[in-house]
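One structure coming up, written as structure tokens, with questions to follow.
As written, the chains take the letters A, B, C and D, and residue 1 is the first residue of each chain.
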Amino acid sequence: MALIRAFETRVAELYRDGEIPGFVHTSLGQEAVAAGVGAALEDGDYVATTHRGHGHCLARGMEVEGMMAELFARGAGICHGKGGSMHVADPSRGVLGANAIVGASLPLAVGAGLSSKQLRQGRVAVAFFGEGAVNQGAFHEAVNLAAIWSLPVLLVCENNIYAEFSDSRTLTRVPAVVERCAAYGVAAAAVDGNDAAAVHRLAAEAAERCRGGDGPFLIEAETYRWHGHYEGDSQPYKPDEEAAGWRARDPLEVAAARLLEAGAASAEELEALREEAAARVEAAIERARTLPAPDPEEAYADVFGS
Amino acid sequence: MSSAAEAPAAVAERRYIDALNEGMATALEEDERVVVIGIDVGAGGGIFRVTKGLYERFGPERVIDAPISEMGYVGAAVGAAMTGLRPIVEIMFMDFVGVCLDPILNQAAKLRYMTAGALEIPVVFRMQTGAGKAAGAQHSQSLEAWFAHVPGLKVVLPATVADARDLMLAAVRDPNPVVFIENRRLYGSKGPLPPPDAEPLPLGKARIARGGEQVTVLTWGQMLRTCLAAAEEGAASLEVIDLRSLAPLDLETVLASVRRTGRLLIVHEAVQDFGAGAELAARVGEELFDELRTPVRRLGTPAVPMPFSPDLERGLLPNSKAVAAAAEALVAEG
Amino acid sequence: MALIRAFETRVAELYRDGEIPGFVHTSLGQEAVAAGVGAALEDGDYVATTHRGHGHCLARGMEVEGMMAELFARGAGICHGKGGSMHVADPSRGVLGANAIVGASLPLAVGAGLSSKQLRQGRVAVAFFGEGAVNQGAFHEAVNLAAIWSLPVLLVCENNIYAEFSDSRTLTRVPAVVERCAAYGVAAAAVDGNDAAAVHRLAAEAAERCRGGDGPFLIEAETYRWHGHYEGDSQPYKPDEEAAGWRARDPLEVAAARLLEAGAASAEELEALREEAAARVEAAIERARTLPAPDPEEAYADVFGS
Amino acid sequence: MSSAAEAPAAVAERRYIDALNEGMATALEEDERVVVIGIDVGAGGGIFRVTKGLYERFGPERVIDAPISEMGYVGAAVGAAMTGLRPIVEIMFMDFVGVCLDPILNQAAKLRYMTAGALEIPVVFRMQTGAGKAAGAQHSQSLEAWFAHVPGLKVVLPATVADARDLMLAAVRDPNPVVFIENRRLYGSKGPLPPPDAEPLPLGKARIARGGEQVTVLTWGQMLRTCLAAAEEGAASLEVIDLRSLAPLDLETVLASVRRTGRLLIVHEAVQDFGAGAELAARVGEELFDELRTPVRRLGTPAVPMPFSPDLERGLLPNSKAVAAAAEALVAEG
């Protein structure tokens, strides 16, 4: 979580300063979902995610250096500068990629679940998506498929209330995503998405269910997007109080408080963790700054395999 | 000639995006049946602010926010067009037609025909495109050739500030489905916006954007600026045509120009292979077989998905230097 | 109902005999749904339907002659021979057409509902669709839109158990379509789709609700497709008993029995009705047979309006 | 030359549809990772019986029935291809891409590139097309040009019985997304099906289906038969090329033929305007500018939705008489 926070905080600044091109959507405020789910998974498990996917990637162990270099559009980026923020991926870690089409992560994860089941890989396939994606046909079709084929697919909806500039509660009569799962006969549970431990507990249980052959499970993680939809969005559409209330429930603070209370870590240890994360991110930035742009020939590579 | 053109003092400089907005506002104003539908087109004013202020001015019943349900709301726009409304429906990025093609391809384009004219489907599909912003392969595609290949659709690509408004109005007033393609890179561009003409601009008329003698350069959308720059920078004398729409196709204007110059260079942002330029090259090659001094050449994006890296992207997109060089090569050739 | 029965019966024969080209999907066995809903509507109400739409069209008063000529691909057909069985339409009667894309009727009806509401037309927009279409994204998106925009849209699902060769109960964990509506906050009710009177009662109530501004309503009419998916399909996938059971509940017999019992009609009157229907259909066939093919120029007309 | 061709006695006559079936069966047999997914492809054996018997032979885990959820199951096929399976996924009619384009356009075509080759996506999108059966405007479209315009997709169109099997196998073995276009009117057609070659047929090799001297006729899919018939019936000597695939594009074979004949006629079932023929006309026009004796001509369907009426439909689709006439006109021209 500390790493995601550090990464996203700096990415937002770098984008503002023009060091990172393209579109950037940060997951600040939502770190507990990525961390909780990420930690509940095993090596080889698949993850398909969204335009807001940095956190999910980091939580699955993707390298900070490679990701940062990618966001900087460097040739040494994890996608050789051809993917960018909306498309960071690392199949060697099961991460099938961020994806810039809302809802697209769902069918892809269903397919990964199909491979897992069919080829007896024993892997769980996770689809991250926002509550806005729930209104897409792809959601509907994918959830039903996962159900009837009884696939090890873990559906993780990050309900951060907003889809771009819109309050998602105004765009459906049934804002609770868990309630929409009955239509598919898919088990689902909501969880405090700012409480990493709670997310982790639920995700671990759900992943075990999936691995055990019980078919898909949906987690609705209730959380909040601190920043705008994209970096640069000034969010006039958010009530100040609402934003402040959620900021007060900072997932990092929630986790810290719990650890301190349980005596599992000292304030100094936590501080050290944050500093270490910040240092890793800073080092990745320094490195990325010095790296060259991709070789022009890179533009023509990897269209087809042979 | 419009009277505005005769009184240039009155012509204001405006942004392309404001002209689009003005076009929609005028359409909403002049016809109660016009509605605007899309994701965040309402209270949010549009993700690129193209619809800014329309919600406040015309209210939530006329400027309608939709959930992320393109198949649903684009299909609904088509159904609404059949039953009395005249929707302007936004597909935020052209790439997203991947999730909502059926209402355009199989419904809007065909239902008038299949009902022998009994259904009229006056709908405008606004879509935004435009590489060159490091938006990645899923947010940078120019697919105008696809729509031009579908009988029953009009396909319009305004390249100037005045056309942004005037073609928008013409599209809304047209009784047919119109695919209206905006280029993101043009949004901030400025140009003269004369007061609206009494005579509306008809769809399907190309425009000689710049006269020239040696090479006809045929283009549309964002690439118009590139070609005009090439005309300034290069050694050859270029006649630049802004095609404005692929359907209807104003082949006459193109043929007349190429008859004079004897050379044709087609420039577009879309992938060159199987792009719309191919049709124009084929048509001109056929019609002017004996009059062409040199082969028709095309300059589009090479056949790769658009990479994220701005450097790579810049390297792929046609630029003014490449256009000028291609034109000069044609002149050298014959 | 008698008219639909007569029409579909003859169409099936004519198709078998090669007199009607293309694909034909008949609604034999499902007549009560079309009749019940059709009678509950008012002039001007909109209907968007499916590949299996003849019955819905007839129930909305579309002319037998024009329809039959269309199926025969005649120039005097209601669509000048350019639509055919899968695309018969008559906007002058509110019928926006049969449609060969599964699920497409739903967004179109939502749009018609939007026109009705916006332009204060006071009309109900009906979407007919099969239970197979419920697994399409278009269903999901359209129902949600009708709900949030509170449109006068009447969703009529003809659950005839099969989608092509597949038992739809194997393609979702929640075969009862009414149960899937909770996900959208849309009121719904199931009805015996072989009982025209019951369908009519429910549809009339639902249409009134819609007209009153209460938003969409979904009717799930449980019925059965007597013939194959298309004419020519020998239906090896259907259990004989199941088919026989449904045949025994012939919607025309159900209605006849009720009318006789209530003394609302005599056996002779009912017989006369059937004969009259058969005669109308026969006359339409005779006429269609003599009509010429469309003028070749017709192929180029109506692509664009001006 | 395959040994089968040397021993023609052993060559059986089979139907195109059986060859497709055999291709899939062999693919399922030789590689456990191959699965078939689609609506009614399993127990039902396919709406056109193309997958008949595969379910019984390979079981429900390998031959998978899907609900009417194309976006979902086509997307799932793409996800499965990224993670170890090699799906053959059926889109029953090509027209239905309107509801499931995104996984093809934005996922399969682009994700290898966007991940710099880290993702491999071996998926075959089977789609059936074919006008001429009075199936109406929503079930008769030929949209191959669309897919050829998308970098990252291969586009294959088998026209013969042998190719139906061999290109299917090549497509399944290919590590890339392949759009595999079958023509319904060919399903029942018969032809020789030699025993499979040890050397698999590579994708992207055109074939001279018939040698000739005066006009090169370039075609693919169902129109091959039409063009071969025209070669028999007409007065001109036609060299008929079966292009077999639009991507990769075997321009060499085309150019070599046109260099000899000096004349090119392109024939396809798709709408002519902005169709795939335009690209070929543009390319040949450019490459052989000085060698062409006559303009490149195209013969496709006029720009109207396909009407239901068999008479109207017949009037629109290119037939052998029209092909022969067009070829003769070219010879007369120069």
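The definition used in the following text is that a residue touches a chain if its C-beta (ideal position, glycine included) is under 8 Å from a C-beta of that chain, and two chains touch if they have at least 3 such contacts.
Here the structure is a predicted model, which is why all the values come from computation and not from measurement.
Of the two interfaces, A-B and A-D, the higher number of touching C-beta pairs belongs to A-D. Among the remaining chains, A is positioned farthest from chain C, on the basis of C-alpha centroids. The distance from the centre of chain A to the centre of chain C, with each centre set as the mean of the Cα atoms, comes to 45 Å. Averaging C-alpha coordinates per chain places the centre of chain A 36 Å away from that of chain B. Averaged Cα coordinates give chain A a centre that lies 40 Å from the centre of chain D. Averaged C-alpha coordinates put the centre of chain B at 31 Å from the centre of chain D.
Residues of chain B found to touch two or more other chains are 66-67, 69-72, 95, 98-99, 102-103, 106, 113-114, 136-138, 151-152, 303-305, 307-308. Within chain A, contacts with two or more other chains are made by residues 79, 82-83, 87, 99-101, 135-138, 140-141, 144, 148, 170-172, 298, 303.
Contact residues of chain D toward chain A in the complex are 33, 35, 61, 64, 66-67, 69-85, 87, 102-103, 106-107, 111-120, 151-152, 154, 175-176. For chain B in complex with chain A, the residues that touch the partner chain are 39-40, 43-44, 47, 65-72, 95-96, 98-99, 133-139, 302-305, 307-312, 315-316.
For chain C in complex with chain D, the touching residues are 21-23, 70, 73, 79, 81-84, 86-87, 99-103, 132-133, 135-138, 163-166, 168, 170-172, 237, 293-294, 296, 298-300, 303. Remark: chain A residues 135-141, 144, 147-148, 170-174, 179-186 touch chain C in the complex. Chain A contributes residues 46, 48, 78-80, 82-83, 87, 89-92, 96-97, 99-101, 104, 106-112, 114-116, 118-119, 121, 125, 137-138, 140-142, 144-145, 148-149, 298, 301-306 to its touches with chain D in the complex.
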